[in-house]
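Before anything else, here's the structure in question.
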Amino acid sequence: MILDTLKKDFLLFYRNKTSILLPLLFFFLIVSIFPLVLGPDVNLLMKIMPGIIWIISILTTLLSSHNFFYDDLDSGILDLYLTSKVPLSSMFFSKIISCWVVTFVPLLIFLPIISIMYSLDAFVLMILLITLFVGTPTLIGIGLFGSLLIISLPRNNILLPIIILPFYIPVLVFAADSISIASSMHIISPQLYILVALLVLALAFLPYLMSLTLKITINN
Amino acid sequence: MNIKRFGNLKFFYNSFITLFSYLPILVLIGFIAGIYWSLFIAPIDYLQGHSYRIMFVHVPAAWMSLQTYVVMAVSAFIVLVWKVKIMEIISVQCAPLGALFTFIALITGMIWGKPTWGTYWVWDARLTSELILFFLYIGIMVLYASIQDKRQAVKVTSILSIVGLINIPIIHFSVEWWNTLHQGPTVTKFDKPSAHITMLLPLFYMFAMYQVYFILTIVKRIKLGIIERDSQSNWIKELSK
Amino acid sequence: MYLTADSITCYRNKQKVLDNLSFTLNSGDFMLVTGNNGSGKSTLLRCLCNLCPIENGEIRFDNRMKSDEIEDEFKNRILYLGHKNCINDDLTCAENLKFLFYIDCYDSDTSKDKFKDFDSKKILSALGLSEYSNRKVSTLSEGTKKKLSLLRLWAPRNNAIESNNKSIWLLDEPLNSLDTASKKIILKRMLSHTEYGGIIVCASHIEFPDEFSFLITKNIDLSK
Amino acid sequence: MILDTLKKDFLLFYRNKTSILLPLLFFFLIVSIFPLVLGPDVNLLMKIMPGIIWIISILTTLLSSHNFFYDDLDSGILDLYLTSKVPLSSMFFSKIISCWVVTFVPLLIFLPIISIMYSLDAFVLMILLITLFVGTPTLIGIGLFGSLLIISLPRNNILLPIIILPFYIPVLVFAADSISIASSMHIISPQLYILVALLVLALAFLPYLMSLTLKITINN
Amino acid sequence: MYLTADSITCYRNKQKVLDNLSFTLNSGDFMLVTGNNGSGKSTLLRCLCNLCPIENGEIRFDNRMKSDEIEDEFKNRILYLGHKNCINDDLTCAENLKFLFYIDCYDSDTSKDKFKDFDSKKILSALGLSEYSNRKVSTLSEGTKKKLSLLRLWAPRNNAIESNNKSIWLLDEPLNSLDTASKKIILKRMLSHTEYGGIIVCASHIEFPDEFSFLITKNIDLSK
């Protein structure tokens, strides 16, 4: 089941080959905007860079998840899911995965290259990568969950962020913590494990919650 | 107007293409000569030693990166206003070339930056804005690539590139506006160039070579463009048989 | 096999839309649901495949009341084609078909084999769409899109003809914006479905051509 | 003409009254995320706050403009505009205005309150407000322009930012400059006038360019 | 007043859809465009209101060739109702109507007064939608939405009856998903429009009831 849905989603994303590089470009652009605004002071940039990268990840998540289900709703595919026997939870699980892969995997691969421009310390970079790798799926999960919650409301681009940003805080805090600890005393902090725990929780329960939400919101 | 369009295409094809067909070899030779000149003949810089020699690649590339954009925007404007077919092809083909020049400028600049500034990259205005220019080119290319109907794609990208013209002066004057790490106008101050003539000559020679390369590739692309666009018009058919 | 609606009542934003409605459909029945716009045809269909909650009354299936235990069986039996035609504009016809069939034929155990054995070419040709196989849906005409969505009636497990799953069809204005030829094909398909013992509930504003009017065994009019 | 279109747009935005406060909330949330990520160091925050606020404004613009015309396209209203005699330029002009008012005006009003939390210098705050007031309409204009450029393409949330972010740079650069100058030597810098010039340019030409784009993209 | 199409040819993604088509419509004419799905009916209508570029051939209006100068006049004359029904789901019926009428009746000079004098209640009641006046469109049934969009035929300046603007109607399957009563009303409206010297080009798959078949003065069939 999961694999099949994945296949279809990827098909959609990669219909035009360029779209694989888009998240990267986007990331690059935003990253290069910060120095323009905050001034070229390298130490400052180096200091706040990991944080910035995390903020950008959140932004990316918001952008790619906030109208994720609208097409499926308008074309009646959500109804289709409800009337068919496909296990909704695993369907949503695969949606989370596909959305994550498409949005973040290219980024995680190329991040080391970008970080050269900010002369990041290798260890910090590693920790940053780990936190991103563990944290971003949670972000995507929450994002999609939120976009499903508000799907029956009048379209409003700002509503979703407001609903889900509070849920991003924990992930952010722990990620930021483990990074700052890493950069200060070069150790892998317990916060990292909490991030992993959050991830497990998200992937375990969010799909089920989403299937519930779907049943509730569509039945009217 | 249909007739007129393919008419001037045909004229263009017959006259220019044949004229340009033998140039590539010359350009290659020209570049080699230029490299030799700048690496071995040109005098050593008393401040930067040999590392400055990368200037002969960097500066022209940088200039071209800006010039190409201007060319693209102008031809785009002509496309939208007078609907000249040839210009469509030019405005489309400028983007990848410009991206190339920008890329060269970036890379050589970074290489040059290591000895002079001690780091590959600093976030000063010019460097960043050049980076942005690179993204500008990429964005235009992406847009063109992702629109299926190419006739429509040309027009849309033309509009975009015209709007983008606003960035060029910013890149150019960034060094004057913000006194940055990056070299101010050393060459382009024509009243009293602050670089020695023996360095300027090879620089301008390389610049000329870049120009020739630019024109040449554009023309080649136009040739291909004409063939694939008007492939159904009968004079191409005659040509092909 | 038969489907019973027992005095079902349904509200939509506080208005009573269905007012205790009752009917029984045996295998082979074709119920045409008529009524003027806004009279509740689509609502009825959505209630039957519980996309729309019913206030009171109940829907029985072989006299077993609908409950969570047999919900999966319900889903097995019922095929719902609503106003919206579940296709994605950015995919090609073939891809959409593959997806639709996958969903319709999904079965926790036997999905794979059931799903493998169909060739989209053949299915598409059923409504003469084979030429569009690799066209993006966004470049299709209105009726062609509708046809594509109607191809679900040909899915291997969606009809009484090849299997006994999905033997209850709920069709909401299936003939809309179809040309005469296609209408005939669809009606033929319905006919054979009922002949094989399937049940059809169909809402429509378009009166059927005379040679097919015999199809209709039941008719309920919802207009107030 | 302009006024009437404005009326309809506002009607849409304010159909659910809450939406007036949403941009504000959103802004508050993001602003309060930064300290979490960058650490509580007040001086640092004070230093980068104006920049951050500008970044957030861009973010907001992206969110609110990136699918601005999709509904109109799907419901055929764009066709309607093309076949009717309404002057397209003025129509788009009013769209830019309405989108800006809804997105940024509440924010500009409440910004002083927020800035108390970051103990911003009064003069800097004033300059910041001015730059925002002059700069954000340009951002919105460019955003809507971009979303019209890509309207005929398969929906893709990251494409728009990639195309339009480079055009945000000038605005950003000059805004950031005039702020930094203001904070360093307490003068109103010429960059501010350039911002104004950009605004005038945008409002003068973008609506026309948009009408051009519409004609090109829909005619197929 | 008459409209001429002179051997127009139109391509859609590299396929020839309209192959030099010619016809002339005088005031009072009703042209029914038939043809199977994907034969180019909608394309024809879109060409006529230049939403779709024509490769060669030309569209003349009182024998003046279409050009930028008289483009505004064209827009004055032509009313296009396509497959999509230009209504916004998050607004109420009355609001949508107000917006639609505003756009249709817009005129650089006289817009105001022309636009002021209509009461949405009366217009809505023309198709019996007055009860829905303050309902959000998203909660309407399919046909009701269609009706709402069709109310544009009643806009003060959209018909030959009250003014001589918009006297050329291009209707793409106007009768889809309407109940019999509403169909009749629409057809009546068309009738009186043509009686007052309007021109109608209508694509439809639904054959008209006999009492209205006399409406059709011309008929072109695009099916290949």
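Letters A, B, C, D and E mark the chains in the order given here, with residues in each chain numbered from 1 onward.
Everything below uses one rule, namely that a contact is a pair of C-beta atoms (placed from the backbone, for glycine too) under 8 Å apart; a residue touches a chain by one contact, two chains touch by 3 or more.
Model, not experiment: these values are computed from the prediction.
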Most distant chain from chain B, judged by the mean position of its C-alpha atoms: C
Best-connected chain pair, where connection means C-beta pairs in contact: A-D
Greatest separation from chain D - chain, by CA centre: C
Cα-centroid distance, chain C relative to chain D, in whole angstrom: 46
Distance between chain centroids, defined by C-alpha means - chain A, chain B (Å): 38
Whole-Å separation of chain centres (CA-atom averages), chain B against chain C: 60
Rounded Å distance between chain C and chain E, as computed from the means of their C-alpha atoms: 32
Shared interface positions of chain B, touching two or more other chains: 125, 132, 135, 138-139, 142, 146, 149
Where chain A touches two or more other chains at once, by residue number: 15-16, 22, 25, 29, 36, 71, 74, 154-155
Contacts with two or more other chains, residues of chain C listed in rising order: 12, 83, 89-90
Residue numbers on chain D that touch chain E, as the complex places them: 1, 4, 8, 11-12, 15, 71, 74-77, 79-87, 218-220
In the complex, chain A residues that touch chain D: 15-16, 19, 22-23, 25-26, 29-30, 33-34, 36-39, 44, 47-48, 51-52, 54-55, 58-60, 62-64, 66-67, 71, 74, 153-159, 161-162, 165-166, 168-169, 172-173, 176, 180
In the complex, chain C residues that touch chain E: 12-13, 35-38, 42, 83, 139-144, 146-147, 173, 176-182, 205-206, 223
In the complex, chain A residues that touch chain B: 16, 18, 22, 25, 28-29, 32, 35-36, 40, 42, 45, 116-117, 119
Chain D to chain B touching residues, read off their complex: 142, 145, 149-150, 152-154, 159, 162-167, 169-170, 173, 177, 198, 201, 206, 209, 212-213, 216-217, 220
